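By letter and in written order, the chains are A, B, C and D; residue numbering begins at 1 in each of them.
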């Protein structure tokens, strides 16, 4: 029987190893698996390569892992969001290696990993500092940059509803990076507001098929930064 | 001496007026992405009777106005991470699909801010250089610059120190090469076409020579150059 | 006002030019826009480059265009499906140039066109006759083939439900190539079973956002091969 | 003379028995794609109590049994274009997402047919060569060969003319290089591992030498080689 449900957050993040590449979903306050991140902080994994759009806070989400000193490298498009106190001189985050990636390229590099595409060409960033050192190729008279897939060990994602097969549905703009991160990691762990059972999700309305998901954990009252419930 | 400086500071469109003017050029039925800052004020100035679908790169097409206080849904936010709403006909999608819309050339217009624009339409709007800040942030700017059918830039004509923002060649880190199609400033509207920069509209207080004096690149005057005007607005 | 609806099939296919590259959706009997194809036959466009999974029949769909002699080149993974009488010696289709593409590569090449990716690398077909003459590149010790986007002038697709904004929802495996073809063409024309109005489709359940669609036409009683309604 | 030939034709597993034997090796919870032909008969032989999600590359995960006559929905078909059903927990997706599942390495097992398999695990199963048919058809075979975590092949050990299908090097057009992990035939089960072909099971009627005689490539005998057996089935 297929049953991706795990009992609690500790079980959800068990086995994530030091040095892992970890995708963390979300954009702004929407779709960030804050509870899984908190569980990962408690689990103790360190020297992580963290991949996500950016840290909007040092209290929850991506920024929490950075503030706790668990991140060796951060691959992001907007690493320091409005209101974040990270990356200030003297801060613990100062030693974090940063790789800045255009947001669309970041999304496509993640999706590529999930789709078995090791590299692809894009016009984005051609001729800019963010394409420096990257191979280029001309197609039909225009220049493009070769971008590589971002393979990951673990994805921590958030969705609204799951079933025991690990199928996921989202809400609003909380979808963002979560469905593509689910595809890109060897092990995808989803926190959801609700797990329906025994009936499955409607097959027409599933955004992430359960094949991409290893564990789901229900967190009804999810952790949010104050005033952003 | 003392009466010229205040006058020079007063002339030209306000930031809201620049946004208003750009809004007039967005045709009914357009799909448009509005960057952070001045571009985001465009929706309140869209002429009535036009249905324009706003794209928010975090996974939303058909973005509506901000919600009323108390109605915020923090799972429905805009690219500036603030709560928003969805209009009838809107849709949600994930980030790769959202940037397929941008990078696949499906947006009619991307409206961006600028630090510098070159005479070839190169844009610099994401970084003031390695020394300016410890943490660079690019977001979707490079995708929006490279991908949209038309890129409009909204900007003050000159920096606060008076130096031109429209230049022969950008010295700030580039966002994209030859990507800007039209520049709306407080003083003029300038198109980037194959051969260079063409001035389409100038505020009534200034001459073409005045615009040239405040621009760091060669300009051509359009045969049918018009007066750049906008209604007065109270700043919110 | 945005209103992608057109009155009839003739209006839907108006303006498609001789020599156009035309994507036609569907797999098997599911999701094939047979009525749009029939309208295109009547419209008269010829010398077409046709792109689709394959022709399962010479009576409807892709095969109809081929049987009518309108196709110069056919890019497909399974050009002659079970039961098709095309491509027999002496047949009018004999002169059609064929480009055989692995099904997943075909799908990805179409999606790439819609996503602004001129080329990407894939392991599929490496070392086989279908990769002959194509550039290759090594990533992490493995060999991959460079595949090019398939840019198209027109996509003829089929969906179940539309609204006036051109948003589309599908049913079952009739989804197949239709959503990615919608992204890949300069002009996408959709036949649907029903156009709802004035209420729009639920934004959570839309598969193809209307930005990808130029025209929608309602065909309640769609053309199917006998016995496959 | 006359009593050896009929005996030689009778020994070995039937096509249904080969499918049955392969089905026993598919673990509970596996995600599996079944190719056209012999692989498609596997579902009826899956041991009870195992929940296995079948992937159909035309956009379906959780494929069920064929519908009852009269219940066909021609918008819900399998990769062989015949009506099918969807089981609880199933989902629909478009072709690029469906092949992302295949090519991204998410399927546990892809089960394919074969014309030839080389000792390195090269597979030829899509074309009998340029002269054989005017119209080549590849479908998803190359994606399934390249993408799945494990590729199982179900095949008769020899062609109808008696020539081996397991060979040193394929002379038919390849489907994929070094992609096959395990071969189920009417006579044996053979694993492709780094060093070559290892025989895991042989039918009781034959010896390792017999298998070698019907194989065109070097074989090694597994230390714990077992008897290959299967229950009897009536052909449908």
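To be clear about the criterion, a residue touches a chain if its C-beta (ideal position, glycine included) is under 8 Å from a C-beta of that chain, and two chains touch if they have at least 3 such contacts.
None of the values given here were measured: they were computed from a predicted structure.
Chemist: Please indicate which chain is farthest from subunit B, where distance is taken between mean Cα coordinates of the chains.
Modeler: Most remote chain from subunit B, centroid-wise, comes out as D.
Chemist: Centroid of subunit A to centroid of subunit C, CA atoms only: how many Å?
Modeler: From the centre of subunit A to the centre of subunit C is 33 Å.
Chemist: Return the distance between the CA-based centres of subunit B and subunit D, expressed in whole Å.
Modeler: 58
Chemist: Give me the residues of subunit B that touch two or more other chains.
Modeler: In subunit B, residues 86, 92-93, 96, 99, 102-103, 146-147 touch at least two other chains, as defined above.
Chemist: Listing for subunit C: what residues touch at least two other chains?
Modeler: Those would be 108, 111, 115-117, 122-123, 170-172, 204.
Chemist: Go through the chains and record each pair that touches.
Modeler: A-B, A-C, A-D, B-C, C-D
Chemist: Which of the residues in subunit D come into contact with subunit C in the complex?
Modeler: 56-60, 73-78, 81, 86, 92-96, 98-99, 102-103, 122, 127, 134-143, 146-147, 173-177
Chemist: What residues on subunit B touch subunit C, complex-wise?
Modeler: Residue positions touching the partner: 28-29, 31, 49, 51, 53, 55, 61-62, 86, 88-93, 96, 99-107, 146-147.
Chemist: Using the touch rule from the top, collect the residues of subunit C that touch subunit B in their complex.
Modeler: Per the touch definition, subunit C meets subunit B at residues 1-2, 111, 113-117, 163-165, 167, 183, 199-201, 203-204, 206, 209-212.
Chemist: Would you pull the subunit C residues touching subunit A in the complex into a rising list?
Modeler: Residue list for subunit C touching subunit A: 108, 112, 115-123, 137, 139-140, 142, 144, 148, 169-172, 204-205.
Chemist: Going by the contact rule set out above, which residues of subunit A touch subunit B in the complex?
Modeler: That would be residues 27-31, 53-54, 56, 77-82, 87-89, 94, 98, 100-105, 107-108, 110-111, 122-130, 170-180, 207, 224, 228-229 of subunit A.
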